[in-house]
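This is the structure, below, for whatever I ask next.
Order as written gives the chain letters A, B and C; numbering starts at 1 within each chain.
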Amino acid sequence: MNAQTLRRYLTPPLIALLLAIALFFAGGFINPDFINVTQAINIVRLAAFLGIIAAGQTLVIVSGGEGIDLSVGAVVTLAAILTFRITGGDNNLVGVGLLASLSAGFIVGLLNGIGIALLRIPPLVMTLGMTGVVSGTILVVTQGEMLGATPALMSTYIARPLIFGIPGVIIIWVALGVVMWLLMERTTYGKHLFAIGVNRTAARLSGVRVERVVIITYTLAGLLAALGGFMLLGFAQTVLLNLGDPYRFPSIAAVVVGGTMLTGGKGSYWGTMSGALVLTLIDSLLRAMGLAEAYQLIVFGGLLVLLIAVYGRELNLRQ
Amino acid sequence: MTLQLSVRSIVKRYGGVVALRDGNLDIQSGEVVSLIGANGSGKSTLSKIITGVVAPNGGQLLLNGHPVHFSNPQAARGRGITAVYQELSLVPDMTVAENIWLAHEPLRLNFRVNRKAMRKNTEDLIALFDGTISERLQPDTLVTVLPPDERQIVEILKALSIDPQLLILDEATASLDSSQVNRLFSLVKQWQAAGKAIIFITHRMDEIFRIADKATVLRNGQSVGTVDIASTSEREIVNMMIESAATPDDIKIPVVSEDAPVRLDVQNLGGGRVEDVSFTLRDGELLGLGGLHGQGQEDLLLALFGAIPYTGRVKVSGKEVHYRHPRDAMKYDIAFVPGDRGREGLLLVRSIIENFQLPSWNKYGMLHNQDAAQRDAHAMADDLQLVYAGMQTPVNSLSGGNAQKVVLGKWLLRHPKLLLLDDPTKGVDVGTKGEFYALLKRLTEAGTAILFYSSDDDELLGLCNRVLVLQDGRVRDTLTGERLTHSELVAASMGATNNHEVA
Amino acid sequence: MKSLNLQRVFARNTYLISFILLVIVLGINYIVQNNVFELRVLNNNLRTLVPLMLLAVGQSIVVIGGGLDLSVGTLVSMLSALLITWVTPDSTPDQILLAVVLVCAAGMLAGLVNGLVVAYLRLQPMITTYATSFIFSGIALLLLPRPGGSIPRDLSTFYRSPLLDIPLAFYAIALLLLFWSVLRTTRYAQYLYATGSSGAAAYATGVPVRVVRVTTYVWSGLFAALASLTLMLSTGGASQANIGDDMTLDSIVAVVLGGTRLSGGQGGIAGAIIGVMILRVIRNVIFFAAVPTWSQTLVNALIIIAALAGPGLIRLIRRSIGR
C-alpha cells in the first residue's frame, strides 16, 4: 500500500478510532487492571454522554460561518435540572421530564439560531450570551435550591447494564450515530448543511435557504444538548448548578479530534464519536496513572495539541 | 538595467496531479510574450513559479544567465519580478492606497508609514487609468466596495508600484471593459518602450495579436513551441493549443418564430444597478446582454433569479411573480449560472455529485435514493463530456472548463425553461467554449429560453439574434439583424444615441 | 451622498456604535446611581476593570490578526501565581522589579508558544489555545496549590489612590491609547490588518504572515502579564490557581461589543476598552437598580444580548421598511 492510498483510507475519524484503541491498551501497561471488559464498557459509557452532547456541536461546526455552540453546557444543566424537578423521582413523570427538557433545548437553540442567522450576531458571542441567559434562568427558577429527585427508571435504562451488560446510554448513542449519519449524508437538510458550511453564497444561488438551515441547525443542537442533559441525569443521579459546564469545550474538542474542520463544510459524526472516545480515554488514563491534578491538566493539554497537530492543520499559504 | 529570464523544464505536481511537466519560456527586456494554452495547461502555475508564489518540483529558472531560486514572493519582487494575478490578491478591508503599497509602504523615520506620500503616489498611479474608471476609485476607498473591474485595476497598479522589470499579466483583462483594455494596452506599449518585459496571459485571441511580440503555447503542462506573432495566424496558434476548435461563427442559433410563447415578460424592472428595464423573451430564444462591464447586467440576472430585491413587474409564462429568494425562481423552472464560479457557483471542497445535485436533492425523497442521484449525475456528466476521475472527487480538482460544466450541469439536471447565464465562458478554454456553443444551440432548439450575458463581443454577435445593450443600468439599445455589428455594439455600449459609429 | 459618508464614518471607526452604546448605559447608570461620576466611585469602578481592559486589548490584537486566544484567562492565573511565588510583603523594590520582568517574559514566552503552534504547525487558533489553556492551568496549580499570597502594602495603596486627583486607571487608558496610536502608524499595523483580513492575499503580497501571526500571540501574552500584575495590585496579592480563568470569555465579549469583527482584519483597541466599560457599567446598573440577586445573571445576559443584537435588529427593521 503506497502513501497515496494509505492517506485516502486513513481518514481523521479512523485515526482517532485507532488511537482510542491504542490508548486503551496503553492503559494496560500503566495499570494492568485497566484492561478489562467492565472498564471498557465504563469508558464507552462515559464517552457516550460526551458523544451525545457533542452531536449538535458537530452539526453547528459543519454549518460553518464560524459556527460554534458554547451554550451546550448550560443547556445540559437546564435539562437535567428540569427533569430532576418535574419528575421529583416519580417514574411516571419521566416522559414529561424528557419532553420539558427537549422543549427547553429547542427554545434555547431556536433563539441561538435566530440571533445568529437573522440578527447576525457572531455564533461565539451569541451562544456565550445564551449561556448567561440559561444560567440566569436556572438561578431565577431554582433560587439556588436543587429540589427534586432522579426517577429510578432513568438510572436503570440509562446508566445500568441493560442488554448483555451494555448500559442503555451506549445503545442510545449507537442509535443516535445511525440517525446522525442518515441525517447528514442521506437527507436534503444534510446536503444543505454541508453546502452552507463550504460557501453560503453559492449555496443560496443554488436555492438553499441559508438562514433557515442555520436556524434548524442551532435548534437541533439545542435539542441534542438537552437530550444529553437528560441522559446525564440518569448517570449523575443528582444535579449541580454547573453540571454541564465540563462539557462545553470538550464537546468542541471531540468534534475537532474527530477530524471535522472548524471552518465548516467537512466532517462526520462518527468522527466525533471517535473523538469523544479518545478524549474520555485520555482522561481516564491520566486518572488511572494517579497523577496529581496539575500534571493531569498539563499532559491533557499537551496531548490535545499533539492530536490536532496530526491532522487538524490548516492549508499552507505556499504550496 | 536589462533582464533576461529563461524558464527551463519546470515540473510542478499538486499531490498526484501534474500541473506542469515541462514548462519552458524565454523573455527579455522590451519584449511582450504571450503565454497561452487551454485551461489546466499550466499557465497560471508557471507564472506563480516565476514569481515565487509556488515552489517547483524540478527544473530551473535562469535570470540573466544565473540560476535563481525564489523561496517566496518577496524574493522575486526583490529582483523586479511581479505579477497581476487572476485570483485577486487584494485585502478587502484595506483601502486602495494601503493595498497598493502593502509591504513596501513609504516610511518616515524608518518606521512610521508616510500616509501623505502614499496617498500622493496612489493618485499618480490611478491617473494612469483616468477616464476609464468611476469616481469611486480613490486612494481612501475600501477595496471591498469596488466592482471587479476596478479591483482588477487596483491589482495592476499594485504590481506597477514596485516598478517591476518583469510584469506578468495573468488574465488581467478578463474582467475589464474594452476602454479599460485599450488603456492597459497603450500602457503596456509604453512600458515595453521603457524596457520592461511583460508576460501576457489571456484567453482572448485578438488581444494576443494586438499586443504580443511572441507567443509561447502550453498544452497539458508542456511547452509546445514559441511563435512570432508577426508570422503566425490565429488558426496556427489554436491548432497548437488543441486538436479541434469551434468559433461562435460556426454556430448560429436560428431566429425564434414570432408565435413562440413568451417565457419572460419584464416591465420597468429596477434593483441593484438596474433601472427601468423592460423586455420580453420567447421560448427557444437566445437573448444577448451586452455593454461594458458592470452596467447592471449581473444585477439584472440576479434580480430575475430572486437573489436581490427588485421593483417592477415580472411575468413568467404570463403569470406575475414575486420572488424573495432564488428558491422561488427555481419553482418557475428558472436557472442561473453565476459569473464567478469559484465564489458563487461551486462548493469547491465537496464532491462533483454534491455540486451537481445541490439544487435537486429534494426530488430524491426524505432519505435520498443515492442510486438514482448517482445515475442522474453520471448521465449529466456524460452528456457534458465532463473529464473527471470519479463522482466523489472534489470539484476543486477539475480544470476551469470542467468546473464550469459542473455549474451548468447542476442546473440542466432540473431541466430549466429559462436559463440566465452570466458570462459563462469567462476563463474557459477554446475547446470547451465550442462545446458550450453547441450546447446552447441544443437547448434553444429544445425550447429553452436563454438570457445570455457575455463580456466577449464576438460571442454575443456570433450567437445571438437580438442583443440588449445596457449602460448605467438601462437598456441603451436593442440590436437585431443588420445592426448586429461590432461598431453598433461599441457605439451603444458607449452611450452614443444615434446609429453612427464612434471612433 | 450624505448617508454614504455616514456609512463610511461608521465603517472606518468601528467603535463609534459602541461608544454611543457606552454613553447610553452610562446615562442609565447615572440615573440609578447619582454619584457614579464622583472621583472616589469612579476610581473604584475603573480600578477593578483595568486587568480585563488589558486582557481585552491583547485579545483585540489577536482577533484583528485573524486569530483567537482562549488561553488568556488561564495565562493570567498562571502569571499571577508566578508573581505571588516571587513576591512577598517584604520584597525589596529590586526583587519586585525582577519579578515583574520575569512575569512579562513568561507571558510573552507563553504567547510565543501559542503563536508558533498556530502559525507554524498551522493549527486552528481556537482549539489550540483551548488546549494550551490546560497547560497554563496545570502550571498555575503547581505554583499555587492553595489560595494565598500578598504583596507589599505600599504598592496596593498606591494602586488604590488617585494620582493628582485623577484615577490611576485613566493613566492606564491614556497609555494604552498612546501605545496604539503609535503602533497604528507603523508598517507592522498594516501587516496586522492585512494578515487578519486575508492571509492569502497578504502572503502573495510579501507580508510575513506567519511572523505577524506569532507576534499577535506574543502581544496577547504580554498583555496577560500586565493584566495579572494589575490584578495582583488590586487584590493586594491574594491569588488562587484559577483567579483569571473566567476572564477569557469576558475579554472576547468586550472585543465584540467594541465593534471588532471576530473574523479579523478590522477593529481596534479603543473598541475593546469601551467594550470592557460597557460590561462593567451594565453590572453596575443591575446592582444599583436593585435587581434581585437571583435575577442578576439573567438580566445581565439579556442586556448583553440586546446590545449585540442592536445593529442586526436595526438592519432587519430597515430592510423590511425600506422595501
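We take it that a contact is a pair of C-beta atoms (placed from the backbone, for glycine too) under 8 Å apart; a residue touches a chain by one contact, two chains touch by 3 or more.
Because the structure is predicted, anything quoted here is derived from the model rather than measured.
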Chain-level touch network, classified as line, ring, star, complete or other: complete
Leading chain pair when contacts are tallied as C-beta pairs: A-C
Inter-centroid spacing, subunit C versus subunit A (mean Cα positions, whole Å): 29
Gap in Å, rounded to a whole number, between the CA centres of subunit B and subunit A: 44
Residues of subunit B whose C-beta touches two or more other chains: 53, 72
Sites on subunit C at which at least two other chains make contact: 200, 203
Subunit A, residues touching no fewer than two other chains: 318
Complex interface listing, subunit C residues touching subunit A: 117, 121-124, 126-128, 130-139, 141-142, 145, 199-200, 203, 209-210, 249, 252-253, 256, 261-263, 294-302, 304-305, 308-309, 311-313, 315-316
For the subunit B and subunit C complex, residues of the former touching the latter: 53, 72-74, 77, 85, 88-94, 98, 102-105, 107, 111-113, 115, 142, 158, 309
In the complex, subunit B residues that touch subunit A: 14, 16, 53-55, 72, 305, 307, 325-327, 330, 336, 338, 343-350, 354, 357-359, 361-362, 364, 366-368, 370, 410
Subunit B partner contacts - residues on subunit A that touch it in the complex: 4, 182, 186-188, 191-192, 194-195, 198-199, 201-209, 265-266, 318-319
Residues of subunit C that touch subunit B when the two form their complex: 11, 185-187, 189-191, 193-194, 196-198, 200-207, 265-266, 323
